[in-house]
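The letters A, B, C and D name the chains in turn, as written, and every chain counts its residues from 1.
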Amino acid sequence: MRFTVEVLVTLKPRLADPQGKAVESALPALGWTNVRGVRVGKHVRFEVESDDETSARAQVDEMAARLLSNPVIEDSRILEVREVQRT
Amino acid sequence: MRFTVEVLVTLKPRLADPQGKAVESALPALGWTNVRGVRVGKHVRFEVESDDETSARAQVDEMAARLLSNPVIEDSRILEVREVQRT
Amino acid sequence: MSARIGVVTFPGSLDDRDALRAIELMGGQGVALWHADRDLRGVDGVILPGGFSYGDYLRCGAIARFAPVMEEIRTFAEGGGPVIGICNGFQILCESGLLPGALIRNRSLRFVCRVVHLRVETTRTPITADATQGEVLEIPIKHGEGQYVAADDVLDRLEAEGRVVFRYCGPDGETSDDHNPNGALRAIAGIRNRAGNVVGLMPHPEHAVDPDVGPTGGQALFASLFTHVMAPAR
Amino acid sequence: MSSEPLHRQLGLQDDELDLIRDTLGRDPNRTELAMYAAMWSEHCSYKSSKVHLRTLPTEGPSVLVGPGQDAGAVDVGDGFAAVFKMESHSHPSAIEPYQGAATGVGGIVRDIVSMGARPVALLDPLMFGPLDEERNRWLLEGVVAGIGGYGNCIGVPTVGGEVRFAPPHSANPTVNVLCVGIARADRLMTAATHTPTPGSLMVLYGATTGRDGIGGVSVLASATIEEGSEGSRPSVQIGDPFAEKLLIEASLELIEDDLLEGLQDLGGAGLTCAVSESATRAGLGARLDLDLVPLREEGMEAFEILTSESQERMLAIVHPSNLEHVLAVCAKWGLATAVVATLESGGDLDIRIGGEQAARVPALSLTEKAPVYERLMRPIRPNGDDPTFASFESDLDEALRSLLAAPNVASKRWVFEQYDRMVQGQTVAGPGSDAAVVRVPGTMKGLALSVDGNGRYGSLDPYLGGAHAVAEAARNVAVTGARPLGVTNCLNFGNPERPEVMWQFSEAVRGMRDACLALDTPVTGGNVSFYNESGGSAIWPTPVVGVVGSLADYRLRVPSGFPIPGLAVYVLGESFAELGGSEFAETVLGMVAGAPPALDLQAERRLQDLLQEAAAGDLLASAHDCSDGGMAVALAESAILGGHGFAVTLDGDMPPHVMLFGESASRVVVSVAPEREGSLRGLAATRGVPFRRLGETGGPRAVIDGMVDATVDELTEVWERAIPRLLGEAS
């Protein structure tokens, strides 16, 4: 079975997020003074071939922990695992 | 009212995604030969103060197009707008 | 006999040739190592050079750490062999877990290429053994993701165990925010493992040995490395 | 969808369609039409500029490769060639600054590699609108990050450049990139040394081919961009510097192992351009099978595969006996390869897809037989005002500070600190000196590199704009002690279909020509960027010139700043009452008017010869040319760069502000050890170069008697902080 997977990788909350801060400080100049707490993360999307959803999830969890994120500074979580319908 | 917002910014599907490609070609060496079509996008999360959800969404759409993405090469979409419950 | 120092080339390594040239200029023997090989060719020490291995995509060093040669390097390091990670090499060592913490985007979000001052914080590493504690060296940096971060308890432990090797400082050795080029926590520019044989640093000593093209703060570090590896086992 | 006939949608004129019909003896099909549209676009064919460019001097004893190849080359001695070329990527950068600039670096680097040279240096002349507009800040930040993002990641140091600001560049920033490479002179990949025969193979290697950049040359770079022009948008590409780095290493290994009969990068007009140019150079045709091209997307049509501008691809011409070895080298560097075509006699490109013929056209008709136009020209009358005669009563100290803080003059550190200037370990002088100096590995030689172009001069007098660009770039090279060897250029102009623009262009070329002849610096290549306008308003006509020079012993390089106290300060060259077109007139008086400074090319030549001779004799402690901001700024910068003050006296029968800030050409501020003053004076007198002793270096202050008195520290502060402050980053 083929699944579409989405994984979200974010900096751990205790770490300052330079990118988020840059966005936040650019907003007022454009007229938005009502935004705060900007955090920028990574969104990874791909297709994985697997026997079933459980095994797909297990594999994606491992990929997320070993390659897609660095657990020292980042959290990762699966946003979605959806079977691709063959046509 | 205060809303938590999540915006997803991704490269337009037609454009090459060098980052996704690099991840994809690294995976087989780690034992995953069952992954393809890796695309890496940006996930932006923040809080916005607004009168109601409709106006919050309208503002976030504009921010996404003007600051968070460049519509020439990227698509952006709101993943979520959720009211923050005051405690 | 001169010290044989291996320099690993990953796809996307850039300062590998510079490191080899610096080794030769300082009187050592440079040995080119290839990421796909499982062979360190009997070298006395290893340098993981600067650059953008695998384009630095995803995270700096995230993909390089899985290269076949890294298994050999891990074994070599566990046996006490000196392993020096410069810039991208430092990032790879952190990603591999050989050193604690991580390097994230510079506070400015911009790449920065500039000559900085570094204060030597410990002489208990192969590259600082011949330096003096508190000595200030001039060495260039060039990186976009050099902000060293780690959890507070990890930082405390590093300090307590004397494992901070270099800090960014001013010309007189004073640390301050103005002299911190990337926002690194506690102005950390380089650290070592517990045993002291694995060192990672963001600045580029290989670009600080030839007075015709830059400062010379790197000379002491190479000289020290050579003495260390040539010394009879301690 | 527009109801225009297809050829016009693709940017071809009606009479161009007729010409295609004549060539083929039939109507072209869609695929063929797309190929002609790409190859006959202004960007690829130089159809408006060719008649003018032909007048440039291109020959000289140092020239190894002149215009017409991917890049030019000059002989730098010891068996080495310097390969160099400049190219613009302004149009893509205007809509996506990071990727536009990044892919601009990628493209010019591949040009250098395809000549068989290792890229060793980048320089990036840039022009933007004023920084008080948010969009211009966004463009500057994006372009600089893009150039750094790509150049840093491929390990080629960026050692110099230019950044200028002017209102007409708001809608249309100018992004040019110059790349320099070094090759063994006997291993250059030129048509003359590498001659493929029928049966040789074309190997496409590097990235896969997708739909990106289709129409890039014909739509994006060869027409004006108007507000919200959706049509141009898909033409921006995403750069992959990592793939480029592998491409460079693989290509250089193929060349080192002598495995190639030809090498061509894929840039504008993609495969169509690479295949037709390679075939033309070999004097052959080719049979190309599009089914063999590795694609990134499904369902691509023939015309898409043929005109895709996917980045990071190269085409190698390989004798069948070397194929296996070539594929092995590419595999080592992890690059995909495909044998896509075979060279054939006959001169036709025979292109197949799905077993059927997709196109059949003579290769020459796409390349050398593309149309050439002599477009209409109409002179623009010069503006009568001349600021030289405006009186000026305000504070001169304050005027100097304004000039040092003017973005054109201020320190560009904010820009160049984002570039790796030291990778490869050969950068003797990086950004911040008049010309960069890069060593030729394994020799004592240095290459001196500079880029210059003053759009304000160009707008007031395009002839002088062109001539000054050459003279200033060469002077910047000469002040380091190097001998200028050759010129490349990037000519940035508006819409060539407007007679005024075409006149400006021809004048600029005429000015460059005269200067190149006088200074003995032949043109080895270049690039033309037209259509830099929107809403009928064009950028300033900006010829940007890059000069490559050679220094026999890099240790004799002369620095720009005053190195120690106690030196004598001289000015070489003559000062005239000229404020027209000056930075002072624009920044302080608020006027862009008058005639730019006159240029006596013979005097310029004598000055530059003197500088080389004086440097070779180790007579100069520092040398810095007078350009933007005139003598006062040149003195102040010499003090700032060296960290030592000075006390000088200027006298003459001009008003003080004209003496301080006039931009008379062919002048250099030098410092000299007292014991060498006599030798320098003697040499200058023999060489017929006017000189004047102004005073001495030393102390913490910059003092121009009766006119300026400030500490070097405060001038440094003003000069260093100006751009960060405009970007809202410094207090």
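Just so we're on the same page, a contact is a pair of C-beta atoms (placed from the backbone, for glycine too) under 8 Å apart; a residue touches a chain by one contact, two chains touch by 3 or more.
Quick caveat, the model's predicted, so the values are computed rather than measured.
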Maximum distance between Cα centroids and chain D occurs for chain A
Contact-pair count is greater, between B-D and C-D, for C-D
Distance between the CA centroids of chain B and chain C (whole Å) is 35
Dist(centroid_CA(chain A), centroid_CA(chain C)) in Å evaluates to 30
Contacts with two or more other chains occur in chain A at residues 30, 42, 67-68
Residues of chain D that touch at least two other chains are 240-243, 334
Check: chain C positions touching at least 2 other chains come out as 54-55, 57-58, 63, 66
Counting only contacts in the complex, chain C reaches chain D at residues 11-12, 14-15, 17-18, 21-22, 51-52, 54-57, 110-114, 140, 142, 144, 204, 206-207, 210, 212-214
Seen from chain C, its contact residues with chain A in the complex are 58-59, 62-63, 66, 94-95, 100-102, 104-109, 147, 149-151, 183
Counting only contacts in the complex, chain B reaches chain C at residues 18-19, 22-23, 26, 29-30, 40
Listed in rising order, chain A residues that touch chain C in their complex are 11, 14-16, 18-19, 22, 42, 67-68, 70, 72-73
Seen from chain C, its contact residues with chain B in the complex are 54-55, 57-58, 63, 66
